[in-house]
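As written, the chain order gives the labels A, B, C, D and E, with residue 1 at the start of each chain.
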């Protein structure tokens, strides 16, 4: 990306001892600053991206490696029946008070009252500050470290006593109280490297918080967020220099090429991708051969490429197994022998035709019909406003039609799509869906695809399927009951052989039976203008691993202001 | 005596009430609900958010939705309206009236400037064309007016953003005013106020221009027709013979007689301008009522949609109402002509 | 007296009333007259006006494209060509270039034409039929019927159109262009109805309508023969306005993304995709946006031009001049130079 | 086909008296697709100071064109040629058709003013009548206050209530009131000549007659010269001192009113008199004129009336008749005017 | 239907219009008393001419007579059958409404608007034939129309037949309208100012034509005009009657010659004064009325409606309404107190500007 100038697009080496500057770093926000409120349990107008700057997360997740990185916590330990979380030294609230274990305890309590998924393993009574900086959590169920950490990964240290102690009390007295969800503070008391200064109609201003434990690595005065709605406006903003960065905006190579040379791209895997969900009760799509044929008829590489506007922002799924990590192929690291798996890559219409014929279909006038003479046809729904999905769907649709499957693309209003088609009563034949929600540990994504509420209710996947042994599609099938399998996997040590074995079996089940057809994984694109700032190369693990580079990198001194002339 | 006013007022009220009722039930007929829309938004904006968290949040959204039977909700809504309460936005969690109060001035600001500009430009151009009827100027301007009138204003908007905003970067392409501008609206600070208004105008200029360019074509064509008609009237010939100055003839005779029939059209256009701002504001991401209308639609934010719909309807009703009530006063001919106009 | 009679006509008294034809007109001749009056004369009128002629050519182009285009031009397909080819860059393979998915843009425009035309026709007809029916009923019936209809019409006119359309589209999710056309013009008819009502009121004051009444003609036949021909120009203008509304609103709403669409291409969807695909930012993709914009503009320009020139078609003066079966040698006035002022020309 | 341009042949008016207007070869032409339309053809006539001259003729005969030509106010794209010399009571004569814009503007209404055919549409519908008077006075630099005094007097002379009329919009007045107000407006600048183009055509008979009788009084009171144009012969005989008969854009006959009524010499005048319904004359003698009026683009050669004329000879079809004087004050454009008395009976009994 | 019954008889007909208070919201709805208490009988083959000032209700009474205007009071009968009774659905009238409708026709004042501008002469004229002689084939229809056109002097007829109204002169349009009415074979034609809009020289021609056709087809004519000379021409030629209307009332009615020779109502005298003859005498310079403008029909004067303008009016005229009185023998009648030598009128004070003896002629 970028140009190949000798100076380097990243703006030169970051030495780590850049002098403090008065520079302002500006990024977009899609919430009107004047409307912002800072309680993320209140659903209206919580500014997500600015939240990353004003608050500290307990820990950060590096999507490339699956590691957890220090945030407000410096230490965490997940044992058999307890987990201990320890705050960093020097974490300070923006009102000047030191952050203590009590604050962490308050955060966890409130989250549990608020039905946080951590509640699967513990309850409020078990969460207790043990000293100034540590909180001990009594675990009520078996849980492995990655599973537990994942459950607290989105938590941020954002419940100062000044604003939330009363609310915690109220929740303790009355778990049904709406005090939390209705609280809408206009000014946050944060713990992040930048503190709220003011919010105008168009712009939110945060200034460097000198007492922050990150302060040493931050060398610019202000971090601003400007209200920008829509991708086009955002592109224009970075082209025109109104903002210094964009986070997470899909940008095709053509558009990227129109940015100034000083703008560099940082890509970041999301481990979140698009798949096709089949209604397993559909007359034809309920047949495994049909799903497999569809998988062969679609060229996922072309789909991903089209969806990315010819760029590399969409990574095609190499071997559909339900495990995330196709950005760099890390998904396959979990597989003992990837060759055993069907990779469905390319467009293998011969194989697809073979499969359909096996299932009793025949081609008439270029269209597949079943034994009863019924056409193999289905409607394919996608949310209208998700342009990259629509592009992918158009492509996929074309591939299937070319192959002789009568598909009909239907774009739906987003709300209707989720409300009626997926989670409502209208249903679908096939629909755009995702196949992993951001987690690299296979337990999550496999559980999600095979065993979740969604699997049962959205695409009507059965609780158990008959699967032949790994790598032997024609071998004798054995029934897999998903419920017990995954229950066991929660508590299993991720490093043990048994765990690996189980994961392989489940991945194979997925690969063979295709509850969903994963197409591609999304890669977040962040852009930083190096006109006034320097940023590390994408090859740096921090740069490309932690969401969002534009908010995380300043903390660790990898996004710094250039010295002022 | 007052019968006409009473009848007209009654009709206005009936109109508002029926449109509101229609809208209320139509809105509930739409597939999807605020919670669904919220889920879509969450999923799109936070791919990393766990399904459980999403479910939990959606659940919370569902809880704020009223669950009474529809007709009871309707009565509650009407009751609230009578108390001046438009309800609370489901999506934004603030009173609808607050959102509208924040957005409406901006739409009124842009649309009134745009309408006045287009009207002024249109009638001047139209009159000039009529005076030069048959000339090359007339021919060219007519074709231009027709051409402009055949382009949707949002397309003009896209083109303007494209060239003046993105390409040449001469104009801002969105937002209400500059970031470093302190909103000031006070007679005590005339300078600051002027600077602020100027800046706001600067930011809205492309939006205003797109509306103006298209609408001016229409006004010009209308004015041209009217003026040509007036220019052929006997009284104009008499006025010339009486030796009146061309200026007086152009203003008091041609202008006035040709513009008056457009008066009603202007008032009605003012009424419809709010509703007509929808696509333009979306194109310019200009947070006026039209913008919030689509936002509310996408979020299935019923109270907010109702509120905006109400405002838009009332604007039209008031426009038509004023037009009807005042036309007779403005144009003496109307009294002779009777109710039809 | 006899002197006078002589001067008036050579026929004997009373003969005129019993006259019967001594030869019959051939069917062919009759047919020829009808064709001339209803087809050729209007055609000649349209042709005689530059605006109407240009407008007619433009519309004809769209209709031809709509009818034949999909038969003659290959259906656009994903990856049929390279992505974002600029116009003529690959010769005439992709005359207007391709979009971000490598689809031929000209192909998309052509293949979107039939449904757009259907939508326009549906909307235009709906508005015309509703408007004329409601307007004439109100205007002619008068009394309470009129008051009730007028109140409803006024209310319908007051509904902010665009928001209503948006909501209706969300409810009905129309895929069928004809249904789309109806929704998009859902309240346009009211304006026409109101206009027609007042026209009917003023026309029924004409004495020839009273004469028809005196002859005992039925109300419907008075409507059709005496009233309708006069309101044709309004109907035509409204038809065009409705068509414009259909184009503007459909494109606008597709562009906003509030209308559902399927894999069938559509100009509005093209604009939406072009804008969100960054065509405004990247010079090499500009054609992607310009092509549908120009298509829409040209069509509505054509419609307006056509209607501007065509209302003359309903002007009997012009019509007489262009009708070959009406002799023109006896024409007392030359309306090409009809004075607009002064002199009492009767 | 114009009857020569030599001014000597001007239509006599008798006793070499004081002419306020002398028209010579006044011609109005319109150039149209079909050809050139001569809607006034070589009109020669003198108008005496303080007389009322009536111009009659059927519809489309060019009466209005003549009226407009007198103020050089023919509508575009008409072209007026010839000369109209205006001799004010004080000062030098001027040619109306040859004036600078400013002088013409001043001449109109201040010296020669006009009442139009359509009084009903002669007022600006959005301006009260007072406005019309004030702006006229203003435009000509007259003192508004004295002007308005005069206006009131004029209105009162015309049987109108000045206050009510001045404060009305045009549409609030009846046709007759408007017509009278328009006459007042035309007199507000004290012109010498008042040209009236069918000032009463749209009115009721009673109103027509009443206005006509008012006009004589006005002439006397304000020392006016009036040109009264109408198609209504009986009406003008009550008023005019002299009458000119227009046929096919040319003068057919002009003479003192009693001469025209008692001994019309042009066959057309006779036919016109014979075809005019009248409550006094015996019914049996009334006859229509056969044939129809000629088209201005295609006027018959020779005498324009020859196609309808019972006296027509071959000559009439080729030779254009010159104006010939029957008496000092009576001129006729007809080759056979002296045969008329014998060949065409005059059926109206004029004198009693 | 009895032969003795007049074609149309009006009994005490009144037509009042509720005027929609147009645009101005301040106006109360007003009642225009366009016609008040008019009696008139039109026998077979008769001509009645009605004159009066504009707004006096001539058109309204005419339309009432041919069943195009529903009277608000009194009755309008066609050969003894109430027209509006017959029009009611399911009425068992002795004469079907269709028959009545065919029998009563109208020719309008304005030649311009009396023909549908969008239809050729032939199309306009085919309508009555289609309606009332449905058995005629298209060729016969055409032939008949052409013959009729020829009959009224429009030749060559096939050329005229194909013209549009704008290609006809005013006189020709009126003739077409006349033919249209005649093709219905009516018993009564209302000619509402049918010649007023024509050039003077054409009027006689068209009136002659009407007289001719009236004689030929035995049609009755109700001829309306504001011009006394036209009315006289027609009425006297056909030996018909002349009626004078003033503000909705028929103030004088009688044989045309008698009325003109010996006008009884002061208003008739005024009309006569106002109708100039081709004479030279200057006439009375001052109009023989006290007021030039006609009063507002919305609020007509009390008593004798003419008292506001009548040069002979007295206090008595203001208070009481005169009855119709016969003048001599015959049918000549007028409503004026001056006809009754015994009336209180003679003992009452004249109104301002009036006198009992004002120059009697």
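Keep this in mind: a residue touches a chain if its C-beta (ideal position, glycine included) is under 8 Å from a C-beta of that chain, and two chains touch if they have at least 3 such contacts.
Everything numeric in this text was worked out from a predicted model, so none of it was measured.
Novice: On the document's contact criterion, could you list the chains that touch subunit A and likewise touch subunit B?
Specialist: Under the touch definition, subunit A and subunit B have C as mutual neighbours.
Novice: Count of steps on the shortest touching-chain route from subunit C to subunit E?
Specialist: 1
Novice: By that same contact rule, can you tell me which chains touch subunit B and subunit E alike?
Specialist: In this structure, the chains that contact subunit E and also subunit B are C, D.
Novice: Quick check for the class: compute each chain's Cα centroid; which one is farthest from the centroid of subunit C?
Specialist: In terms of C-alpha centroids, the chain at the greatest distance from subunit C is A.
Novice: Sort the other chains by how far their Cα centres are from that of subunit E and give me the top one.
Specialist: Chain centre farthest from subunit E's centre: A.
Novice: Measuring centre to centre with CA averages, how many angstrom lie between subunit A and subunit E?
Specialist: The mean C-alpha positions of subunit A and subunit E differ by 92 Å.
Novice: Please report how many Å separate the Cα centroid of subunit D from that of subunit E, as a whole number.
Specialist: It comes to 33 Å between the two C-alpha centres.
Novice: Subunit B to subunit C: how many Å between their CA centres?
Specialist: 27
Novice: Taking each chain's centre as the mean position of its Cα atoms, how many Å separate subunit A from subunit D?
Specialist: 96
Novice: Taking each residue of subunit D in turn, which ones touch at least two of the other chains?
Specialist: 59, 75, 288, in rising order.
Novice: Do you know which subunit A residues sit against two or more other chains?
Specialist: Each of 236, 239, 385, 413, 416 in subunit A touches at least two other chains.
Novice: Which subunit C residues reach two or more other chains?
Specialist: Each of 7, 170, 173, 258, 275, 280-281, 332, 341-342, 346 in subunit C touches at least two other chains.
Novice: Quick check on the complex: what are the subunit E residues that touch subunit C?
Specialist: 66, 68, 98, 101-102, 104-106, 108-110, 113-120, 124, 127-128, 131-132, 137-140, 142-144, 146-148, 150-153, 155, 159-160, 162-170, 177, 180-181, 184-185, 208-209, 211-212, 215-216
Novice: Help me check something: in the complex, which residues belonging to subunit B touch subunit D?
Specialist: Interface residues on subunit B, with respect to subunit D: 233-235, 237-245, 248, 252-253, 256-257, 260, 331-333, 335-336.
Novice: Which stretch or stretches of subunit C touch subunit A in the complex?
Specialist: 77-79, 83-84, 100-102, 170, 173, 175, 257-258, 260-263, 273, 275-278, 280-285
Novice: Across the complex, what residues on subunit C touch subunit E?
Specialist: Within the complex, subunit C touches subunit E at residues 1, 4-5, 7-11, 13-17, 19-25, 30, 206-208, 210-217, 225-226, 229-230, 314, 316-317, 319-320, 325-327, 330-333, 335, 346.
Novice: Quick one: which bits of subunit C touch subunit B in the complex? Just the residue numbers, please.
Specialist: 151, 154-155, 157-164, 166-168, 170-171, 173, 198, 201-202, 244, 247-248, 251-253, 255-256, 258, 271, 275, 280-281, 289, 293, 296-297, 300-301, 303-305, 308, 340-342
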